[in-house]
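Read the structure below first, then the notes.
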Amino acid sequence: MKKIEAIIRKSKFDEVVSALHDAEVYFFSYWDVTGVGNEKIGQVYRGITYSTQDIQRRYLSIVVSDSFVDATVDAIIKSGATGNVGDGKIFILPCEEAYRIRTGEKGNKSFN
Amino acid sequence: MELLTTNNVWMMLCAALVFFMHLGFSFLEIGLTRQKNTINILFKNFFIITMGLITYCLIGFNLMYPGDFNIIGNGILGFAGPGLDAAVAADLAYNEGYTYWTDFLFQGMFAATAGTIISGAVAERIKINSFMLIVLLYVTIVYPIVGSWQWGTGFLSTLTDDVGFYDFAGSTLVHSVGGWGALVIIYLLGARKGKFDTNGKPLAIPGSNIPLSAAGVLILWLGWFGFNGGSVLSADPANTSLVLVTTCLAAAAGGLGAAIFSGLLYKNLDITMFMNGVLGGLVGITAGADQMGPTEAIAIGAVGGIVVVLGVALLDKCKLDDPVGAIPVHLFAGIWGTVAVGLFGASAGFDQFMVQLASTGIVGAFCVISTLIIALIVKSIMGLRVSEDEEIKGLDLSEHGTGAYGDFSMR
Amino acid sequence: MELLTTNNVWMMLCAALVFFMHLGFSFLEIGLTRQKNTINILFKNFFIITMGLITYCLIGFNLMYPGDFNIIGNGILGFAGPGLDAAVAADLAYNEGYTYWTDFLFQGMFAATAGTIISGAVAERIKINSFMLIVLLYVTIVYPIVGSWQWGTGFLSTLTDDVGFYDFAGSTLVHSVGGWGALVIIYLLGARKGKFDTNGKPLAIPGSNIPLSAAGVLILWLGWFGFNGGSVLSADPANTSLVLVTTCLAAAAGGLGAAIFSGLLYKNLDITMFMNGVLGGLVGITAGADQMGPTEAIAIGAVGGIVVVLGVALLDKCKLDDPVGAIPVHLFAGIWGTVAVGLFGASAGFDQFMVQLASTGIVGAFCVISTLIIALIVKSIMGLRVSEDEEIKGLDLSEHGTGAYGDFSMR
Amino acid sequence: MELLTTNNVWMMLCAALVFFMHLGFSFLEIGLTRQKNTINILFKNFFIITMGLITYCLIGFNLMYPGDFNIIGNGILGFAGPGLDAAVAADLAYNEGYTYWTDFLFQGMFAATAGTIISGAVAERIKINSFMLIVLLYVTIVYPIVGSWQWGTGFLSTLTDDVGFYDFAGSTLVHSVGGWGALVIIYLLGARKGKFDTNGKPLAIPGSNIPLSAAGVLILWLGWFGFNGGSVLSADPANTSLVLVTTCLAAAAGGLGAAIFSGLLYKNLDITMFMNGVLGGLVGITAGADQMGPTEAIAIGAVGGIVVVLGVALLDKCKLDDPVGAIPVHLFAGIWGTVAVGLFGASAGFDQFMVQLASTGIVGAFCVISTLIIALIVKSIMGLRVSEDEEIKGLDLSEHGTGAYGDFSMR
Amino acid sequence: MKKIEAIIRKSKFDEVVSALHDAEVYFFSYWDVTGVGNEKIGQVYRGITYSTQDIQRRYLSIVVSDSFVDATVDAIIKSGATGNVGDGKIFILPCEEAYRIRTGEKGNKSFN
Amino acid sequence: MKKIEAIIRKSKFDEVVSALHDAEVYFFSYWDVTGVGNEKIGQVYRGITYSTQDIQRRYLSIVVSDSFVDATVDAIIKSGATGNVGDGKIFILPCEEAYRIRTGEKGNKSFN
């Protein structure tokens, strides 16, 4: 089991989700975060021009069994990239156990 | 003099109430669209009201009330010259219902309204500069010309020998005029990304701030006290108070009609339909607010509400995307209200009905054609629609450099 | 005629201001409750104002001003028949302060108010259909009957031979009537999940949008210019302007009273108490706004504000859950204002005081009993309260299928 | 009597509109500041309007209109005794434009405005108790004294033998008075943490709720119908309607001027500049609204809008922190409007211009000195500014124990 | 040390917290996420009926020492289940070290 | 590679960010969470005084190569501490792999 954490552009979210679907990854959780990275965007407010590196991004947390990891990563990279600085990252973390709260089941079958 | 003073107080306050409708429109539109396009909507609405007043002062007022149709005769086109006329203003015998200044102010507030109707329909995807140019031309030229045909005593006001067009406060002259413009432009613009799926099935794009929308509707209703009440053009107690009663009953009936009808249709108590229904009732009664009694007002309002519900569905069917329901409310209910003058109330009758229909058609054709010309020219010069990227980011960031809700966190 | 015109302008504008109070109530309620029940509150308020106007037109107006008490004599129950009467309306001699239409409109806006008071208290847990049924009956029947006893020149207006009940603009006839209804229903409904812990200790459920609440209070204050100012029933300069001064001073004193008192009591500068205090001052002065001078107005307002602070604590003690403070404001301050007419101002005196007390009791008893009957019948047919699951999810999702703040993210 | 009735209706409604401006100010300020200081702003504004009315009733009114300058002669300081005078009020011959009560109410609503201007500028860092004390003294004493010099027929109104100061509705007497106070206090307070970086470069602190700010501006504009329209002090049709036209045209021109100017300057369509520009236009026209024609009004408004844009930049340069732009709008555009009376319109001329300049200076000096005295005393007693920790947490939590947007989640 | 991530129904939050208390787990962090899973809810907006799998959930992040893991998982499963699809998941991740910022302490004692 | 999760006071965010910069950590993601811990704050609403342990905090998620871990932890502890209860925690989790979505690069170079 692995936990895949992907930080993507909000604007690419719909495409990433459908790519995940094609890769048969149907279950995950996501939330919005602020990313600090290479990308900068210019803003103006009351005559003050400033550029911020703090950019709204979406954070996907997906636990999959080991055999799904590569397909998932591939799907995200293909669908989430624009080629511009700021497309985001994917991190793979070990996950030792998983439970389905409804039934108490554990292991791979708990999250599929 | 005493009477002029009273009349003028009423008319000034009605002008103030119509002015206040611009807040109503802004709130309505903001609330029914996404948070990322909020500043853009506000900017457009601030532009309309400020630009609208200035150009109406410079050109519009004297194009709408030319006195003489000195450019194209037979009540088609006239222009009394640029700017306001302090000499005319000085003469208090100008009109016993209001002073020259009040006349300008009341009419100027109306003018801007027509532009605002467009603003709502095209939200979330139009280029701000293109929008400003289109609406400038529409409010400064198209609206006053159409207005002159009826309120400037042009050809519509005496369409046949016996019967003239009747449009008390502008179901057609204000609301449909705005609505036709909106319809043409959303057709040219195309729907927002995400409004229809790849099979053309309509998707929901829920509004970001329903309380503000609801406030907008109540403010608009309040504004209609001035919009219709002021269209009596004096404080005549019998007429003004009748008009307020028919206006309020139609609004109430429109809301209930839409809520009940959409409740039955979709098995859901939808506040946005309730809200749009109130507006449909208001727009519906506007053409004949002084011709109806309470019962007719309730009937016209209720049908207006139902028309709005059906209109929303119809647009979805036609793959036209009107985020705030401006077209069902202002165009469809506006047409309904206009023809209803031929069906109900003091001047109902076959001839009147035909005149109402014909006038609706004439105004519609003129608005559609002139909007097409304006919009296509603007499109060819600077384009109409923002890029897909800008649309996704939201117009606030891409056109205005900042967001509307600083430290709130968004989904 | 000139005077009628002026009077009528004033009364129409007062009707407009009272109408606008419905936005005030909506904002107040939305802001003091949780985000997940926002659409529900708006739907209820839209229902009240639209249904209220229509049923008041069909039934209420002629039940409240029956002329003749033709059903139960001695000023108890009369009905002048359904609908409005265009023939009466045509006669401008109807009243020198306003036309028939204006009369209806002003009174109709009042009627809906009583229903709105209930709406706030029962928020976040009542079934929408049950609520609509209850409030329909309350606004259409109970409110006009009580009103007829005093304003329809029924038995309260001549309670003893010398002294009649005095309730200038409705501390009792509008506010307490709404408040009693609210009290009974929240008793039947029970508190929101999470309002009291397992030991009965009250918990805080902070409001979701205090700026809208504050706006609501200021809008209500503005509306009170019309509510009290219009209750002069003409534009008489001396009376109307005195009434506005006492109204505004009482509002100010109510706010300061509540802010200072709750500040001392809880060592905290609580804006919601400040806001409710303003309303308490306004409700308090309503019964005697034309009887008081500035000093009395300040005193009545300040006590009204304190009454509200104590009332909020009292309800918490009694394990009654009124999310917006409707009962402290409308019922408790309403009673205070009513009896204050016997204590301060032009008609103060022991007899007046006793009549005020007695009338308060009579109205209270009638409202409590009729609400009980209505609510228990509705409860037995369709239940009063949503399921726990629906309450947790929020009424917006469970009753209206969608949320109020589309892309905002919530805690 | 008929005329008094009409005049008085107008004046009462103008008072209501000026009252409503307090909602406008609240919204404007809330929207341009951060969410964590929202309740604090509301509390301050509620305090100002309630305290303002009460103290104006007790002291201010009779300090501003002393009749006799019985304390320091030559039109410098007088006091007609505490409280309102029911005996004077009883005489309807008091004034043919309004009753005594209306006079008080209209003026009382004005008084509170001056305090509100300060509130915006000092937002997000001032101690609530210190603020309340300062503004209490300012509104109760400083404002009425300055007012008495002109509107109370004091020495400014006859500054030279031929020419008196002219300030129709208060560009100086209300707006600059508030603005000078604000300027002094933000100088003493220092900037918000995070407003300037360590090199003194200004940083952006985006507002939390631009829709409310925009609503605030439109409400203020509406309020100006009463602010300027009521300053005619009767419903005279020619004057009132001219004043409304110049007011609205100046507002429109101010908005467009600021939007275009800041658009060129910063290559950005900034709604907050548009909004502040509208206010700049309004403040600018206020001193001479009855002296100008449409063209002059447009010119004055447009320059007012540009002044505001430059003013915002100037404050940033000076490392002064005014979160809502109160000083550019009320002080800078107020000064502009005051001197513009000497440049444009009916009373333009060198002498008038000099008198306007001199009066601006006299008022400015008095306000700066008295604010300094008040603020330094308050500072020495209780401090002016919250601790850094409290500022970071936000004043809502640290001064009022709770947040403004319950279940919204924040960044 | 383990990091326990639990995705639960927002409506069950209060019960889960008190069950955690009973299990002597007093410290954790949480935030709201959108979950995509088996559960669907129907929505209606302006006449358009749609069903969404995107459901608001609460994400709990709890670091505990190894000996607490089972009790914590148990507590969540017992208190968080309704038996209906959509009750959520629990994931167990290894955590290598923990620090208390206030004191710089590390190891188990830093988070108790 | 490690994933560093830091839960800090919102009010210390700016200082922590600049300390991270000094430690040459420029890239990370953050979001706001509610923390339940030892700290309590008193609140009052409509006369009801209550104290809440639910405190708004900021959650930083930083993936770094192993050699950066100590410096990063140090930087956060130094800049994020006030000495009062409630300063927050730092947790170190193993991270097995990282990808840059834009390029598909993986390993340490993907996140620097």
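When the chains are written out, they are named A, B, C, D, E and F in that same order, and each has its own residue count from 1.
Simple rule for what comes next: contacts are C-beta pairs under 8 Å (C-beta built on N, C-alpha and C of every residue); 3 or more make two chains touch, one makes a residue touch a chain.
The structure presented is a predicted model; accordingly, all values stated were derived computationally and were not measured.
J.: Name, by label, each chain that touches both members of the pair chain B and chain E.
T.: Touches both chain B and chain E: A, C.
J.: Of the pairs B-E, A-B or D-F, which one shares over half of its contact pairs with C-F?
T.: B-E
J.: For the sequence-identical pair chain B and chain C, what is the superposition rotation angle on Cα atoms, to the nearest 5 degrees?
T.: Rotation angle, to the nearest 5: 120 degrees.
J.: Taking the mean of the CA coordinates per chain, how far is chain A from chain C in Å?
T.: 52
J.: How many angstrom between the C-alpha centroids of chain F and chain A?
T.: Taking the mean C-alpha position of each chain, the two centres sit 19 Å apart.
J.: Could you state the distance in Å from the CA-based centre of chain C to that of chain D?
T.: Roughly 34 Å, centre to centre.
J.: Going by the contact rule already set, what residues in chain A reach two or more other chains?
T.: As it turns out, chain A has residues touching two or more other chains at 31-32, 34, 43-45, 93-94.
J.: Where in chain C do residues touch at least two different other chains?
T.: As it turns out, chain C has residues touching two or more other chains at 2, 6, 9, 13, 204-206, 209, 268, 270, 401-402, 405, 408-411.
J.: Can you name every pair of chains that touch?
T.: Chains touch in the following pairs: A-B, A-D, A-E, A-F, B-C, B-D, B-E, C-D, C-E, C-F, D-F, E-F.
J.: Note which residues of chain C are touching chain B in the complex, please.
T.: Contacts found on chain C: 2, 4-6, 8-9, 12-13, 15-16, 19-20, 22-23, 26-27, 30, 38-39, 42-43, 45-47, 49-54, 57, 83-84, 86, 89-90, 92, 98-102, 104-105, 108, 128, 209, 212, 399-409.
J.: Can you list the residues on chain A that touch chain D in the complex?
T.: 34, 43-50
J.: What residues on chain B touch chain C, complex-wise?
T.: 2-3, 6-7, 9-10, 13, 17, 34-36, 204-211, 214-215, 218-219, 221-222, 225, 229, 235-238, 240-242, 244-245, 248-249, 251-253, 255-256, 259, 268-271, 274-275, 278, 293-295, 298, 405, 408-411
J.: Could you please specify the touching residues of chain E with respect to chain C in the complex?
T.: On the chain E side, the touching residues are 10-11, 14, 32, 41-45, 56.
J.: Sort out for me which residues of chain F touch chain E in the complex.
T.: It is residues 2, 5-8, 31-38, 57, 59, 73, 76-77, 80-94 of chain F that touch chain E.
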